[in-house]
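Right after this note come the structures.
Shared between the two complexes below is chain A, which pairs with chain B and chain C, respectively.
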Partner chain A sequence: MATIRCMRLMHCMQNLLLLPRKTVNICPVFHRSYRRGLRRYLKELYQRRLKAGPEPERHPSQLGIWNHDAELFAFGKRFGEEFDENLLKRAFVQRNYIIKEENKRKELGIDLITVPLGLVDNEDLARKGEEIASRYIKAYLRYSYPHMFEEGICAVHDFLMSHQTLLHIGMNIGLRELIMSAEYPPPEQAYILTFKAVIGALAVSQNVERAEVFVKDIIIPQLIGKDINELWEIVNPMGLLKAMLASEGRGPPEPRLLWHSASATVMSLYHVGLYSDKELIGKSPGETVTIAEEMAARNALKHLMQTTDSRAPLTLGAKAVKIKLDYDKKNRSIRDLLNETVEERLYGTEI
Partner chain B sequence: MGSRLIPSNFVKNVMQNGIGRYICQLQRVTIEFCKSNGSSRGTRDFIENYLLDFAKSNPGIVMYLRPRRHKHPHLRAEYLNGYKESIPVANMSKDEVAQWLGILRGRTGVQIVRLRKPWHTDNPSIQGIWHPFMFKDPSINSKPFPKKLPAYKSDKMSATEYVLQLKQEQLKITN
Partner chain C sequence: MAHNRVLQWATMARTWWLFDAYRQCPFKSSSKIAYYLIGKHKPIYDSLSDIGDHVVVINSKYISMPNDYWRVYKYFHHTGYPGGFSETAAWRLHEVDPTKVIEKAVYFYLPKNLLRRGRMRRLHIFPEEQVPTEILTNISDQIQQVQPVPKRLDEYTQEEIESFPKLFDWPEDFVLQSGFKMAESLLSESKKAETGGKKSETGGKKAENIQSGGKKETPKTGSKKAENLQTGTKKAENLQTGSKKPESQTEKPDSKKTGKKH
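Then we have the complex of A and B:
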């Protein structure tokens, strides 16, 4: 079929152009028979591709489909925020990009003093953004978990500001093509730095409150589906529980075995309850009595700190518009609690 | 192809979108079309009539137009998470193209797979999962073990009882 079509095409062209047949420079490829070499040829191409590896990822600007100004405009609009154009541009510039550009100019023999590059990296903005985010997250967590210890608040804050969380956010807000880094795709650290710099740029473009709302809407929801008690590792839960109960003037925790089952087997189960002043304050199962007791202490702490699974959800979205945060207030820390209990032991409860 | 081989997943929300604020996940659309070919007729009409309005109402989406001579038209979409989707829109009317663009705009950028459940939760129960001791009262722990064990009662006489009865009758006769 291909052969006939080619022949017909050739004759059509010759008729159309009204030229003598010999002068027409058309060379159709004829395949009159089964192409025996084709399979081997394709196989060779395939092997060569395997050897050469995949095509390196290229920035869309190299493919000719890129409008940097339009992308920057859309980036701000996507979040419903008004950015200062120059600040937003600066938020994406990495330090290594500037070094690379300067070296490129030096190689070309362009004097950097007479023709300055005019680029500022995003590290100042990132520092500012990190400060704002960190301050707001701590205040928000203290507002949401007023009975949790300061150490726990710091642990949850560290999770939200961790490499892993910020990288997840950075990779999902469309920074990949916008980051100006020496290499493409940009390294992980560039995503984190740029995300922080975007917060900083927003604070400078508008105000700090606006940047804080941005933090609340983007970073805080990453806590959803996470157990905050798992994020904070308590080394000695029973010791902490004793100190807590003592500071409240309640009796010390007394463990009691509530239930046990299959004791002599590998599937053994012990259910331990903790009582203070004959009142059940926490209970938990475990493989051994010791584990169950420790888990019961953790359960009791959860109840005392009001961080159980049945707690109220975080105030976010439309409800969170009216909340007023106190940035200076700090939750009680374990160190304060231990100091209190030591003082009580030394001087009695009257003081 | 069995249902086990088809990729499946649970309903997902990218980055908890919409809980704080809604961010449209579609970031870039390249409309590839031919300026002369008939299959791009509807796409060209779409560009003439609807594209500006669409771009104005969605400032967060960057629109690129890419004339490709003698090629079928495509909508090439890129999402915030890096996922790329291409919709062939050859021979479609301008309204159909607009509908496809609407579908692309509403998506999260997560690949379409078979959903195992139409809902998903990370916390199946906020009260804690059920266990055999859940509603048992601990007070029954302190109950003493009954001294007299319950015995099986049959309406028929047992062999022991029968022998005892015979013995008693024998004793009566001897007395």
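Then we have the complex of A and C:
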């Protein structure tokens, strides 16, 4: 029964529901009239917003609620580290920010020699931080995978120090508002430089060991869930396997078909096993015999390098406090291996 | 990610299984075949996933129905028109298409959902042992049969039959099955004639023959008369001289065969 009174109440309720109190500054009270223009009004507001585009991203300091020193202090405390205040401040200053500030002063007619800006960019600290991180990561990987080839160690190191990984870290530890860059939000490179500079600042503020612990806690865990055998691409696994077996004085790998199914269809499956001296050294499935053989060679390499899927997890956290790394030690390289086998082939018979 | 790719390929690949239906119960076999067609033997089994395997059934012509199901078990059909109902006995259906009994049984055992037809497409039934090469090359394993294949008497050698352990000899007037007592007596008669009236009615060999011979089995010695006995009782009666067997024990061997109703 739609009496006039009932309709009026419905309109009142609609008005209440339509108007979010904070966004639209209209008093949500019962009105004497039907407010027939309300819908058109809201539509107009919506169209104007579309036309104007989204709100530009602004640094919180432009909103007047920003204490840079307090935020910097909190940043250090979030990691549980003691930073030198000035060093940490320097770690966030980008080169383009200094240039921008200098130009601003020139325009204002301030002499930079008499009144110096007193800002140093973070590139030195970043260089230092990168050096520390790189050195520690390599030593840590050699410690964790002592049987892996040096090429593999380098490949995993390159992944950890890559643009993508460092950017991911930098964007997720709260650097965004702290970075002093010419533009806001800061460019990708600024995140990476700043993150490296924070490592450098920590090393200078406390010591290198402390910075290395920081690297171990922040960068190394990016390997969790990654397959290090996939990070390092081996071009010719069967050739490498042959060379490895030869250097150990074992027989050459001999592929054998262990099992196959649906061979006459497009969904064929083959399981190939590799034998050396009548001993199974690796096996793998594959869509074709060739693929299965190659994957079996990779599987055998994994076993030889002790990087199988069932290996123990990386030593991290409290357990990693006691580990002693040898920074000078290097794993065996493929080049050494090939040289050995060539020498054996050339001179082995003579001796 | 080549490693994960091949692992996934191996996980999701469909295996081809061989099932030999020679002298197997079609219903028990079908429930087992359906298990593989659904993929219940796999650790990744899920009721709504299409992850079943292929099954190749051979020797479907030689399945063995339990009890007298060849005669009793019926397949029904209705055309939808008045009077369109018809029923077919299992033996008749098997005569028309020797793959149909097992196919229908598997179809019955599969879950009644949208995957049913697709799963049936992965069932390959062949009446004999001959399988096309393109299917045979796919097979990588076989499903165990549901019941042991019994050995027929004609598959035993004479030596095996003779060396079969016996605890006692049947008494000469003991009737094991209708008709065979008479055979024994006939044999003894023929031997009498050969040996010149000597009494040799009892004998282990004859008892053995009776034991070993099934309904259609005929002892090799004096087979002619035994055949006569089985095929036509009248002739046997004529030949019969002074046997103790009453006429009521003779039975027509034809009556045990196929049911007339279908």
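Methods note: the second predicted complex is superposed on the first by the 315 of 351 C-alpha atoms of A that agree within 3 Å, B and C clash if a C-alpha of one lies under 4 Å from a C-alpha of the other, contacts with A are read in each partner's own complex, and residues count from 1 in each chain.
We take it that a residue touches a chain if its C-beta (ideal position, glycine included) is under 8 Å from a C-beta of that chain, and two chains touch if they have at least 3 such contacts.
In this text the structure is predicted, and so the values were computed from the model without any measurement.
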| item | value |
| --- | --- |
| Chain B versus chain C as contact partner of A:41, first or second or both or neither | neither |
| Which of chain B and chain C A:229 touches, first, second, both or neither | second |
| Which partner, chain B or chain C, touches more chain A residues | B |
| Contacts of A:174 with chain B and chain C, given as first, second, both or neither | first |
| Touching partner for A:217 - first (chain B), second (chain C), both, neither | first |
| Touched partner set for A:327, first chain B, second chain C, both or neither | neither |
| Which of chain B and chain C A:259 touches, first, second, both or neither | both |
| Touching partner for A:80 - first (chain B), second (chain C), both, neither | first |
| Touched partner set for A:285, first chain B, second chain C, both or neither | both |
| First (chain B), second (chain C), both or neither touched by A:271 | both |
| Overlapping contact positions on chain A, where the chain C interface meets the chain B interface | 259, 261, 271, 285 |
| In the complex with chain A, residue positions of chain B that touch it | 14-16, 19-21, 23-24, 27-28, 30, 59-62, 64, 66, 80-82, 122-123, 125-128, 131-133, 136, 138, 141 |
| Touch list for chain C against partner chain A, complex | 1-4, 6-7, 9-10, 13-16, 54, 134-135, 137-138, 140-141 |
| Chain C-facing residues of chain A, complex | 227, 229-230, 259-265, 267, 269, 271, 284-287, 291-292, 295, 298 |
| Residues of chain A that touch chain B when the two form their complex | 65, 67, 70-71, 73-75, 77-80, 168-169, 171-174, 176, 216-218, 220-222, 224-225, 258-259, 261, 271, 273, 285, 309-310, 316-317 |
